[in-house]
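Listed below are the structures to be examined.
In the two assemblies presented below, chain A is common to both, partnered first by chain B and then by chain C.
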Partner chain A sequence: MNKIESNKGWLFVLPVFIVVAFSAVIPLMTVVNYSVQDVFDANTRFFTGTEWYRTMLNDPQLQGALVRQFIFSFTILAIEVPLGILVALMMPKKGWQASLSLVLVSLPLLIPLNVVGTIWQIFTRTDIGLMGWGIRELGYAYNISRNSGDAWATIILMDVWHWTPLIALLCYSGLRAIPEAYYQAARIDRASRWAVFRYIQLPKLTNVLVIGVLIRFMDSFMIYAEPFVLTGGGPGSSTTFLSQALTAMAIGQFDLGPAAAFSIIYFLIILAVSFVFYTTIMHMQKDKTTQKTGDS
Partner chain B sequence: MKSRIGLTIYLVLLILPIYWLVNMSFKTNQEILGALSFFPNNFTLDNYQRILTDPSWYSGYINSMTYVAMNMTISLLVALPAAYAFSRYKFVGDKHLFFWLLTNKMAPPAVFALPFFQLYSSIGLFDTHIAVALAHCLFNVALAVWILEGFMSGVPIEIDETAYIDGYKFWNFFLKIYIPLIRSGIGVTAFFLFMFSWIELLLARTLTATESQPIQAIMTRTAGASGIDWGLLSAAGVLTILPGIFVIYFVRNHVAKGFALGRT
Partner chain C sequence: MAQITLKSLAHTYSANPKGPEDYAIREMQHVWEQGGAYALLGPSGCGKSTLLNIISGLLEPSDGDILFDDTRVNKLKPEQRNIAQVFQFPVVYDTMTVFENLAFPLRNIGVPEHKVKSKVYEVAEVLELTEQLNRKAKGLSADQKQKVSMGRGLVRDDVSAILFDEPLTVIDPQLKWKLRRKLKQIHKQFNTTMVYVTHDQLEASTFADKIALMFEGQIVQFGTPRELFESPKHTFVGYFIGSPGMNFITPELTDRGLEFEGQLMPVADKMVAHLRQSGITNIKLGIRPEFVHVWTEANDDAFEVTIQDIEDLGTYRIMSFRFGSIPMKARLHEDQKVPDKKARVSFPEQWLKVYADEYLLELPHE
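Let's look at the complex of A and B:
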């Protein structure tokens, strides 16, 4: 699209700018401020420079949480993206079945995060929960507060249950945007089901998948309430992810300096990974469009 | 046919945990702790009655809905013009500004909990609905701009030009012609704004005490000295799901119409 070159644009962006400046920049500055100081009370504080950053980067607890966080985020992405696409492909295109499946699929998305935790806490309890009880009946000594493997599997299952619908929903709307003529052409060419997916549907899905993968990565990297309710970060600290480690430090122990340094590191990691995702995928798209124009 | 079966299995697995919650909410605690059953033997509405007649319980729902509604209004009002600017104008620093906005969606609430608490306490907004609504703008404004920009880029710029030639003033055109054109986009955006604000716990809990405490925070009360009141907890959980069903029902056709998210 031909955009108009005009700095009038800034006028329209101004309200957003003010709101975000108030709700993001000021708090972030507070964090930066704390991260370079040692605060005893309101009047006594010392400038510490990068000391907190060095302490935090060498902190085994933080390192552990970071590694767990990456494993978690990439595992759920590896499961949710293909599963979400599959579900979107299976959903009916029109009629009441389409409406019904849309409503049902979206349902987990609108449950408050700690209620999701509660649902799974109840569902996986071995005395009153269907799943926990079922697994016990099958002869496996399932216990999420003792066995860290069980805890991990349950948290991943919970996240897949909770967020695959988002990917499915995005893909479903992406698929709806494909003109019927494409499919007709494919039928004339006797394209296989796989070829239709690979050359017609998947390319049309890249846009929505970029959004889906980015949102899922960012949100899974900040996961807090669900594991907090379900496992409390345990057994031990085997399911303590970054947000929980941070809140424990900032609000629990009130270690402002280290917590602030932790926050900045945390934020920068998300920023860096998201940026890499964003630019890679955007470049892939650009390459594809140039290829197409080159062919024709 | 194969896909029908696959989908049915998926949907059953999806609904099962929710079904279990609903099932428990209609049981008494004795029955819950007794034997497992797929249907309540002594069907009871006591749990719901307790929540819906006790102001300290149901005010939580009112509080949550108040700040979610406030947040949706603020986010949409500021995001609409901004998204328009990003889709129509090229201006100094537009790309950077867009990514900077996105970075706010990436900001972990855990990082902002404490500074928000101090900021809103110092300006006397602690424990008010507007504090939570503003705090949720952190991620929702960015999201709204992002989604709306995609929809707006799908509207040909010729429409704007024609309107100006016909003598429309900008705001007249924007409100009377443009907004109706991207109705479905606004619907989808509202859906996501509702979703992310409604489900958020950490900031909402940190910024409130008694006056405007969200239902998610009140729910933790069910854990008492004598153990957890499972029936009451389940009923409270079920009631947090209902507004969501309501919202999905309204936007289901818009979501199905497709995101025009054609940004490159």
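Let's look at the complex of A and C:
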């Protein structure tokens, strides 16, 4: 093939290149820049190399936040995925009931993140909040600003309320895509309700579930506004997750160097986990195609 | 194993049907005998899938009864009817192996494991799936998947009937032929009642001993492929069966007999007398292209027609011609000679069928 060397076509790529540079590359490079220097003012700065990185990885506060972050993400996944499937299975399949339940289920998804935090902050107040007051009335000394167990339970409940609908909607669309013949065949084969779920519905949901888990993992790993509004990271630092710890360091204490170093580490963790998910999906699909071509 | 009887069966999807046009299945009496291989043939939307779902129990008929032997099964669910159904698209349980797929219906009813094993191997042998038994069903090709779906119907000993809902739609033409033969062989071996729904007349006539042809929610003819071909009971049967379909003309009843555009048609005097007597106005004459006689020389019985086109289809040719104002077709042998523009054709009396109000009119033999 004859390739034209001075290709004017490259000019058309230029605007996109500039946009991407300003939106992603330049900010990221700024962070990289800060992470390897100690900046005092516009004229005074020292090159520090990997020092910030080492400090950050050994920082007990951030290590704690990281552990809490993993516990949080895996807890909400363990609750939201099965619960979402269950909700999707119970939703009506047709008629106005189907439309109504779709609207009702997706309502929490439409609420802005900090509003979710505010709603729950009021909801869990023991003087005027229905939930907080109710639990008090039942005889339990519920207090999210004193008891870290209460705070954790409330944040997890809030996230489950907010995001289970996403899994439910994904699963609902996955379930609707299963042809009626599968259910009819299962009836004729006298499959139990459990067998229908285990051998028809669950296998057909695998693909949407992978997407759902990936999205929920990334999102929950970056959670910020809701716990910030609800508990402010407390009591103590018991509900301080990664992004909040990072923000406190970068903006609160103006430790730009260490904060930048930690941002990079944070980014790499998410990238690594997403990469593992991505290759797993690709691997699964590759298996399928090789088997198919192997046949014919 | 059972004989399936449809007694005054009808079905409508509408809550308050106003007339026969609201019925997907119009009232019918029908018997599928035990051990028969039947085809339910008809165009899309004629109600054949509805009828099949009523037999399998996926649908409850709105009127009439369905009997398995002497038991009324209207209210029984498919799982209680002991029926197997193979669907248009292969239904396999993706995560299971072929063996597990075939064993699934047996394990669900608690058959002991050693029996499951022997039965699965037996069925896999017949379907030529033995080599795939340990593979995941997901990776199979479409025809293998469809064989697995069929196999799940065959493993149960007690199955009353196996219903096929256009099972070869997604299969390559070459494999279609193979699978059809396999089905026939399975039918002989297991002697189960089989009902095969299709819109393909070739599929129906190669598989079935008897074909039920459906049109507008009714079985308009039930008979062997040969009967359907030689004496269609309804103009639709004539039109639908055969390729190309039957030729129809609308004659007039005059003093001379049945006339079409001034030409007297060869119809028995008795028949003409009967038509005169009964006062039927909607009369049609039909003849299959295969039975139109094409002459090379002038003949007393022959009509002169204008040839429009001759289509070569390999082993035979189709001659399109105009008989008066009506386009008709005749089937010619490969080496039959035909003149250029004008031909002479005749319609043998025995093959010229008379239809009154779309149904075949036959006079009792004496």
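Note that the second predicted complex is superposed on the first by the 260 of 296 C-alpha atoms of A that agree within 3 Å, B and C clash if a C-alpha of one lies under 4 Å from a C-alpha of the other, contacts with A are read in each partner's own complex, and residues count from 1 in each chain.
Please note the rule applied: contacts are C-beta pairs under 8 Å (C-beta built on N, C-alpha and C of every residue); 3 or more make two chains touch, one makes a residue touch a chain.
None of the values given here were measured: they were computed from a predicted structure.
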Scan A:274 for contacts with chain B and chain C and give back first, second, both or neither.
first
Partner chain in contact with A:35 - chain B first, chain C second, else both or neither
neither
I want to verify the contact counts: of chain B and chain C, which reaches more residues of chain A?
B
Of the two partner chains, chain B (first) and chain C (second), which one does A:185 touch, if any: first, second, both, or neither?
second
So, A:220: does it touch chain B (first), chain C (second), both, or neither?
neither
Once chain A of both complexes is superposed, is A:239 in touch with chain B (first), chain C (second), both, or neither?
neither
In the overlaid three-chain picture, which partner chain does A:177 touch, first (chain B) or second (chain C), both, or neither?
first
Which chain B residues qualify as touching chain A in the complex?
3-4, 6-7, 10-11, 13-18, 20-21, 24, 32-33, 36, 74, 77-79, 81-82, 84-92, 94, 97, 99, 101-116, 118-119, 134-135, 137-138, 141-142, 145-146, 153, 156-157, 194-195, 198-202, 206, 215-216, 219-220, 230, 233-234, 237, 240-241, 243-245, 247-249, 252-253, 255-264
Partner chain C, residues of chain A touching it in the complex:
179, 181-182, 184-185, 187-192, 195, 199-200, 203-204, 288, 291-292, 294-296
In the complex of these two chains, what residues of chain C are touching chain A?
56, 58, 77-79, 83-85, 87-89, 91, 93-96, 104-105, 108-109, 136, 138-141, 144, 149, 152-153
Once bound in the complex, which stretches of chain A touch chain B?
1-13, 15-20, 22-24, 26-28, 30-31, 86-87, 89-92, 98-99, 101-116, 118-120, 122-123, 127-131, 133, 161, 165, 169-170, 172-174, 176-177, 207-208, 211, 215, 218, 221-222, 224-225, 242-244, 246-247, 250-251, 256, 259, 263, 266-267, 270-271, 274-275, 278, 282, 285-286, 289
